[in-house]
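Below are two complexes that have subunit A in common, paired first with subunit B and then with subunit C.
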Partner chain A sequence: MSDNLHLAIPLYAQVINLLAAILLLLSFAMLAQRRILSLINLFMAQGMVLFASTAVVAAATDQHHLYWSALITLVLKVFLLPWILHRLIRRLNVKWDVETLINIPTTMMIGLVLVIFSFNLALPISELAGTITRSTLGIAMAAVMLAFLMMITRSKAVPQVIGFLAMENGLFFAATSATYGMPMVVELGIALDVLVGMVILGVFFFQIREQFDSLDIRHMEKLKDD
Partner chain B sequence: MEFLLVLGIPLAGGIALAIFGHRTRAAEINSAFSLLTLVAAISLTLRIVEHGPQLLFDEQIFVDPLNVFLVALTAFVGFTTSLFSRPYMRIEHDHGRLSANRLRLYHSMFQLFTFTMLLALTTNNMGILWVAMEAATLTTVLLVSLYRTAASLEAAWKYFILCGVGIAQALFGTILLYFAAEKVLGHDVALLWTHLDAVKEQLEPTVLSLAFVFLLVGYGTKVGLVPLHNWLPDAHAEGPTPVSAVLSGLLLNVALYAVVRCKVLADGALHSNLAGLLMMGFGLLSVVVASFFLSRQRDIKRLFGYSSIEHMGIVTFAFGMGGPVASFAGLLHMTVHSLTKSAIFFAVGHAAQKCGSQMIEQIRGLIKQSPTIGWGLMLGTLAILGMPPFGVFASEFLILTTAMKQQPWATPILLISLGVAFAAIFGKVQPMVFGEPTAKRLPHKPAMLPVFLHLGLVLMLGLWIPPYLAEWYRQAAKLIG
Partner chain C sequence: MSTASSVLLQFLELITALIAAPLLTGWVNQCRAWLGNRSAPPLTQFYRQLAKLFEKEVVLAGNASSLFRAAPYIIFACMVLASTIVPTLSTDLPFGPAADAIALVGIFALARVFTALAGMDIGTAFGTLGARREMLIGFLAEPALLMVFFTTSLISQSTSLSTIVETLGQREFAIYPSLAFAGVAFTMVSLAENARIPVDNPTTHLELTMIHEAMILEYSGRHLALIEWAAALKLYAYSCLGLALFFPWGIPEGTGIFNLLVALPSLAFKLAIGGFLLAAIETVSAKLRIFRAPEFLGTAFILSVLAMLVHLLLEAPK
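Up next, the complex of A and B:
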């Protein structure tokens, strides 16, 4: 009986579940990663997974606008943003230093707790979802939470931003997996915001470095209420 | 037509000033664009008052009494701020704190910031609302760090990261909202507010309650609600003063407007008062925390930044209570707070320039050196502290009396906080205005007209609300429920 049930899941759904699992794995890998270059590559891999999953959902549900958002994902998250990030770290000459505020094993443990929490949070919503991809909503939420955790535990500016972008990846995955993607105009707007945000941050990194001779945001703890 | 101009003028201004913004006349061009926006906004307002709510551009744009009132307010404060920033930025330039290129960035971003706020107010699409709110953050990040000092960079970084994280929560809320709506409305119109409003009773309550929590936390970060308020005092203190004025006077309102739109939907779907309770809780917490932080401030702009958190808390609380009187009072308070707080920032900006410091202890005896700035600051402070006959008194009085009837438990908390805030702010501003002078002359004449214009309006709203304005508030309050 359980075998039959297993077979009843269509191939598309299985592929999407597989991709969702990879996405979660990549989120954990980013959490554990100490080198900035590898972090960017992991971010790029996440972009690839997003592109693949969006394309598969598009094919499975025959939603044409999803092909466009898959294309935007490919251009923006696999090519453009990693390229900007690579250029930035080359120009800023920061390669090796990802320092964490909490040590990595502890961070991973917190991450596990977050995943369990997100799965529980997503459970009642997933049951309502009529989409073929509904079981992935919990994973999307977990990816958002893990990226958030990464932002909190990293002390350098560049990893924080990668955490921020990874969070956006998780949100995008939530949008495709629960609802087959947002309307086109909204997705374009979001993509534009992310891109402009990245460019502004690039400018900003140079300002920070010029001022502090480092991208360590621990220098930036002067503003306190006393 | 008016509508196209309302959005088109600031957008065109942003592009034009990106090219010409370093010229000597850029400040006047900036004011001219803001004035044109104001004219367009007024004619749009008149049309809405006459013909009622309008849907434009394939239902993507929706203008009703609630948002058109904020459009008019935004355009008005945008214009007066541009008047103030003309001498203010010139003086900063003469003091060598800003280069011509920075001024170009400032002028261009000022217009684009106005554009994003007007877009956020008028869009009918909850997704575009999100996009515009995020764009409003992006346009102001580089303005907060305009001086490129260590402190301003830190403030801008905090602003970007905290608001970015906040706005990501709001995006998740929007996705959940779409998820709930798409079942009822189908793909095409599921994010259009007017359609959502029509079917709000049929939206799935579990999803909507979760969505509202995310949206409240997300947009609440931009409103400056405690505990997500940390960016606000820093961004207000370290950015140029015109930016502080528009952040406090306008951006917070626009973010709160987004929360209110979401609350209307959540109220319809939930059949419970969850949204109202959450807003009351966050609002009250903000009022309490902000008033107790006030007495610890040494920087005058930080002081008024915290005061903005306090007042936004009051408005959030009022909207949370709901009902025609509380919503009316909330809208009135939004208006008078915008006008008063931006007037205070104008006066504070010039006072800080005169004394060469933003530190409260170094600003002394304004009234002897320059009576207009001194009186402007004093009257503004009295107004924001809720002294009669200013408009803030009227709105706070309405909110407090409604609270006594509907939520009696909250009244003592509000009253004590308002008392603490009064003592803290008045105690700090009094020696700044009176006391022994430390100020010096400014190279350009300060712009005091906007200050007294704003305070005059606030005074008028305290004594007499014009009937058409009252009617307009009443209609808007009815929409909020």
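Up next, the complex of A and C:
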């Protein structure tokens, strides 16, 4: 009975598994979070975990280009994007109001179902993959799904954008766990896209608020003035 | 396996539980007082309180039924049984096969049902209010506790507590994310189950905010003493359970006298640290509104389910 405890998992794979588990936990924490400020801090923590896991994978598999993607993650997702977001919410003066469309325990339950779904979905795919990190593919998919759920259940613009960024985090983690990362050109392109998208969305925030006096995007569903 | 010595050990474990439970509660109260910058009551305060209550006469309400008189004994018996099942000094216990982890949850539930029934028996408003709140907390905490047990059972392929502790204690060092999640979930559940601060305040005097205290307001004399002792035993059982599941080092398998010399100090040491941490958690956190308690326990449930899923995905042998 104690035989199956002797898992033949090397230490770095264990560390990656642990980081993947923390990533999943952070995704849930973001789903449950009411305040925008903590949401940004959680997003920063997620970037930190992503950086650590990419660096560990790079060290374990001797893939040098992964060091570069780890570095890009660190600069972009731990420092630059949270800094832009912090500045934005200070300028927009929205620190507190996160309004969810469904109440939080229900959202968490839906999230749990999504996690089970994506674990099952990833199981046959990870059988095919030959990487050491293949078992974390399910968690990467779950992180994408949870971020997606967060985008759906939030009605304000800023949490939706954070959900979008968290989704990109999940995709990046999926790429690392399934194939040891994407080619450098693709990665640089995505990083730049996210950055430019963030800047454009930042301008959008101000436009939306100017037009509707609030960041609630449900106002945009009305097509004519009444 | 020598039966005589394991029976002796079982007896010793029972005695240790009865003596150490008030000490643990006293230690937690002392730490709370220190952290709150108050002068602390002596460690033996709880014994004195019990002695005082046992001497006092029992005052019963006019419409108290026999259930009201029987409930303290049933609750106390449940807690004594629970603390003999949890492996603290050895994993080789004669009572071990009598009840596994799931039956243990059942024993706690039995005690809770009787506390709630006794609370409603007299018919006062506060008793009923406390009973309802207790059942709300209980029905949310129980699935989370069961999920924690299922996770540890999946790891060790058994629901018997002795086997779980043996397997977890013997494993070679490996990082188990699932156990970390389950540990956090277990801590949250035991805070709620033992009427500790984020959910209930054990030292409150304000009836409107009470949960556990509201149910036992009508008790006096030796009945109250038994209930207070049972509450201390419950805290002891939960602490030992947490230590046995998540920090199983130092619990020997054999029954020799030398093993006991290792087991007793390590248990005392772990309980002292656990008690201090409990007091620290209680000092830094504020009591939740009662309607936030479902969210707190829902988080515990989600964590425990995640623990199981993460175990199945990452740690299950391929």
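One rule holds for everything that comes next: the second predicted complex is superposed on the first by the 215 of 226 C-alpha atoms of A that agree within 3 Å, B and C clash if a C-alpha of one lies under 4 Å from a C-alpha of the other, contacts with A are read in each partner's own complex, and residues count from 1 in each chain.
Following the convention adopted for this analysis, a residue touches a chain if its C-beta (ideal position, glycine included) is under 8 Å from a C-beta of that chain, and two chains touch if they have at least 3 such contacts.
Worth saying up front: this structure is predicted, and the values here are computed from it rather than measured.
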Contacts of A:162 with subunit B and subunit C, given as first, second, both or neither: neither
Partner touching more residues of subunit A, whether subunit B or subunit C: B
Touched partner set for A:138, first subunit B, second subunit C, both or neither: second
Which superposed partner A:200 touches (first subunit B, second subunit C, both, neither): first
Which superposed partner A:45 touches (first subunit B, second subunit C, both, neither): neither
Partner chain in contact with A:175 - subunit B first, subunit C second, else both or neither: first
Contact residues common to both interfaces of subunit A (with subunit B and with subunit C): none
Complex interface listing, subunit C residues touching subunit A: 155-158, 163, 167, 170-172, 174-175, 177-178, 180-181, 294-295, 298-299, 302-303, 305-306, 309-310, 312-315, 317
Subunit B contact footprint on subunit A (complex, rising order): 121, 124-125, 128-130, 144, 148, 151, 157, 160, 164, 167-168, 171, 174-175, 178-180, 182-183, 185-186, 189-190, 192-193, 196-197, 200-201, 203-204, 207-208, 210-212, 217, 219-223, 225-226
Contact set on subunit A toward subunit C in their complex: 1-2, 4-7, 9, 14-15, 17-18, 20-22, 24-25, 28, 32, 104-105, 108-109, 111-112, 115-116, 119, 135-136, 138-139
Residues of subunit B that touch subunit A when the two form their complex: 60, 125, 127-128, 130-131, 134-135, 138, 141-142, 145, 148-151, 153-158, 160-161, 164-165, 168, 171-172, 174-176, 178-179, 182-183, 187-188, 190-191, 204, 206-207, 210, 233-234, 237-238, 293, 296-298, 302
